[in-house]
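Consider the two complexes below, in which subunit A is the common component and subunit B and subunit C are the respective partners.
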Partner chain A sequence: MRIDLLMDYWPAIWNGFLITVLLSFVVLALSTPIAFFLALARQSQFAMLRWPATVYVNVFRALPVLIVLYFAFYALPQFGMSLSAFQAATAGLVIASSAYLAEDIRAGLAAVDPGQRQAATALGIPYWRALRRIYLPQAIPISLPPYITRAIIIVKGTALASLVAVNDLTAEAVRAISITYRPYEFLAVAAALYLLINALLAVLQSLAERRIALKHGRVVAGPATVVQ
Partner chain B sequence: MNLDFGIIAVVWPALLQGSLVTIQLTLAVLVCATPLAVLVALGRDSRLPAVRLPLAVMSAILRGIPPLLVLFIVFFGLPPAGLALDPFPSAVLAMTCYMAFYFGEVFRGGLQSVPPDQWRAADALGLKRSRTVVRIILPQTLPAVLPPYISHATEVLKGTALATAVAVPELTSAARQVFVVTFRPFEVLMVAAVIYAVLDGILLALQHAGERWAARTGTSTRY
Partner chain C sequence: MVEVRNLKKQFGSLVAVEDVSLSVKAGEVFAIIGASGSGKSTILKCINFLEPPTAGEIWVDGRRVGVVQTGGRLRPARASELRLSRAEIGMVFQNFNLFPHFTALQNVIEAPMAVRGLSRRDAVDLAKELLDRVGLGDKFDEHPRRLSGGQQQRVAIARALAMRPKVMLMDEVTSALDPELVEEVLGVMKTLARDGMTMLVVTHEMAFARDVANSVVFVDGGRVVEQGPPSELLRAPQEARTKAFLQRILRTDA
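Up next is the complex of A and B:
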């Protein structure tokens, strides 16, 4: 173990870590609302909304995320759109992630009893208000655990950005290894930092679950935890 | 912007070669990871802490860090330890390491779906533990395990694209090598995407067949 080498390259590794965190945050912040509207569109009664959303979700879940990143990074300039490496990685990851997240959100919406929907319509409650006041409060607790699981997969997926010239944590670790020929130090540090991000997300999940349970007093996260 | 799909007539042999490597890599990982995953699933619920705890730690680490990083750990980490592998075996080894634990969770769910009475009954009849697992328990987990197993197999297929980072000449890397020469990334990537979608579709068809089978078998063996 060469702690001194680790110290020499620490600024670069820390920079890569910050880029990984920023990329994860931007990708999640952008793909969550897109996924939400995709999930709603997939449930729509209008075929014009339902079909494109269904095709989008199924196509991008069938492709390797790396292929989508290559499209954003290498193929967009062919159409006169030159993005920076970070922008291209963000675009590619948002396109792929929103397709996966849409399925998790849709599962939550689909789990709401259809009778609720019919009752809201019968009472003349407008769609958006019914969504906000009736469906979502019931769907969010169901969608949350798979959402966080997916968020962790998305954070791990940001490592792919290192293959399209983004200097994220993985890229900086690989660069340090190829200069110093000391793989173990840098691989261990990179792994530890990814585990740290995921641990934070897991903490966030249990906090959110507790808060939802307190607010709504219903079964969350398995049959054993009824909180009133 | 003018697209020229005529380029495909020239470059298809390279893409076909890449597709074959992708298929080989997928199959190799499935063949290696599946039996290991059964052992992982059994070991994760073992009564012995010496078996259970290391596996729990390895599971948390290998499923918590990016798959790409696991590839780099094998690719950069093994040669200094005196084990220099070619790109293909090192990709198989890395993907097997983490997929054994992802599949392990699938099989663990399947094992938990078998009523514990089955273990006790086999024990009471004096069956050896290995025989109990192979003849009694595992066959009963199949209906519960098959659908998620195949959906994870599509993750293996899509995950093989990562092997491009450690110089395995699979489909994504073949596509990249072709389009950096021809300057036609969109056309080449479209063809690669279609090939991935077709391979994915085959697995999906298998999954549907498996689900129908599981639905039939699942109801006939329940009592």
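Up next is the complex of A and C:
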């Protein structure tokens, strides 16, 4: 173990870590609302909303994320759209992630008893109000565990950004290794830092599940742990 | 109060309801009986357009439901117009369909606040009065899962009443209940009938139809087979199919 080497490269690694955190955050913050509307559109009674959303989800769920990333980084400039490396990575990851997350959110909405919809409709409650007050509060607890699992996969997936010239945690670790030939030290540090981000997500999940359980007056079995 | 004219409902190639016409006067209790799958629940769901009819007309309190006349033309009602119609029509379901994350009180105040624009305080006053009326004055803050089936169904009745509906649609409201809980729900329905509420009741409770209903209609294969006051239809049915159905039902009742 060469601690001194680690110290030399720590500023670059730390910088990469911050970029990974930022990229993860931006990707999740943008994908979640898009995924939410995709999920609603896929359930819509209007074919004009339902079909494009269904095609989008099925296409981007089926493609390797790396292909989507390469497309955003290498292919878009061919059409005159020049994005910075960070922008291209963000765009590619958001497009792919929103397709995955949409399915997790849709599964939660679909699991709500259809009788809830009948009751809300019969009472004359407007759709958006019923969604906010009645369907979502029941769908979110169901969607949360798969959503967090997917979020963790997305955080790990940001490592792909290193392949389109983003200086994220993986890129900095790989660069340090290529200079120092000390893979063990830098891979261990990178792994620990990824673990840190995802442990945080798992803690958030636990807290959210507990809050939901309290709100519903239910006893919760125990803290959930989803770290991959 | 409720007029159903030549109602037809088709699901794909399956005709669930065909040429059904009913006329329910204000203050009347109108029972719809028939075997399961006969289309009686579908008739109720067409009245408030939970299932849009394939053909036919629905009139509630002198207004056409689901269709709006502008100038000389008829057009389908917009979602907002349909909501206003539905707000006048209370509905209670076989499986209660209470909102599980809300307390009894929250279940009752939600729609008056969302649809009628009641202030929270007014809605709470109204809800407490109604929950009192259905005998749940001590259960305001309980979640549905802590209530028995009979109690849940009474909350559901209070929830529908909170919209001050002109008519109540009751869709087999005691069918999912344990036998010993049926009576408490029927009791509430009898009180409503006494107070002059117009009700369409799809039911298997022949005693309730006999004692409370003003009119009974027997539905089979999506069509009205026979209609009349309970004293006639239940005691001296004219149609062979009605006789056969009543014999089956009364045997299982005994």
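For this structure, a couple of remarks:
Definition applied: the second predicted complex is superposed on the first by the 217 of 228 C-alpha atoms of A that agree within 3 Å, B and C clash if a C-alpha of one lies under 4 Å from a C-alpha of the other, contacts with A are read in each partner's own complex, and residues count from 1 in each chain.
By our rule, a contact is a pair of C-beta atoms (placed from the backbone, for glycine too) under 8 Å apart; a residue touches a chain by one contact, two chains touch by 3 or more.
Everything quoted here is computed from the prediction, not taken from an experiment.
Looking at the shared chain after the overlay, A:Gly80 reaches subunit B, while subunit C stays out of its contact range. In the superposition on chain A, contact of A:Tyr9 is made with neither subunit B nor subunit C.
When the shared chain is aligned, subunit B comes close enough to touch A:Tyr70, but subunit C does not. In the superposition on chain A, A:Tyr147 makes contact with neither subunit B nor subunit C. Shared-chain residue A:Asp113: touches subunit C; no touch with subunit B.
Of the two partner chains placed by superposition, only subunit B is touched by A:Tyr184; subunit C is not. Of the two partners subunit B and subunit C, more subunit A residues are in touch with B. Of the two partner chains placed by superposition, only subunit B is touched by A:Asn198; subunit C is not. On subunit A, the patch touched by subunit B and the patch touched by subunit C do not overlap at any residue. Residues of subunit A that touch subunit C in their complex: 113, 115-116, 118-119, 121-127, 129, 133-134, 137-138, 215-217.
Interface residues of subunit A, counted against subunit B in their complex, comprise 59, 62-67, 70-71, 74-75, 78-80, 152, 156-160, 162-163, 170, 173-174, 177, 181, 183-184, 187, 190-191, 194-195, 198.
The part of subunit C that touches subunit A in the complex is made up of residues 48, 50, 79-80, 83-84, 86-87, 89-91, 93, 95, 97-101, 110-111, 114-115, 143, 146, 156, 159-160, 163. Every residue of subunit B that touches subunit A in the complex is listed here, in rising order: 1, 60-61, 64-69, 72-73, 76-77, 80, 154, 158-162, 164-165, 172, 175-176, 179, 184-186, 189, 192-193, 196-197, 200-201.
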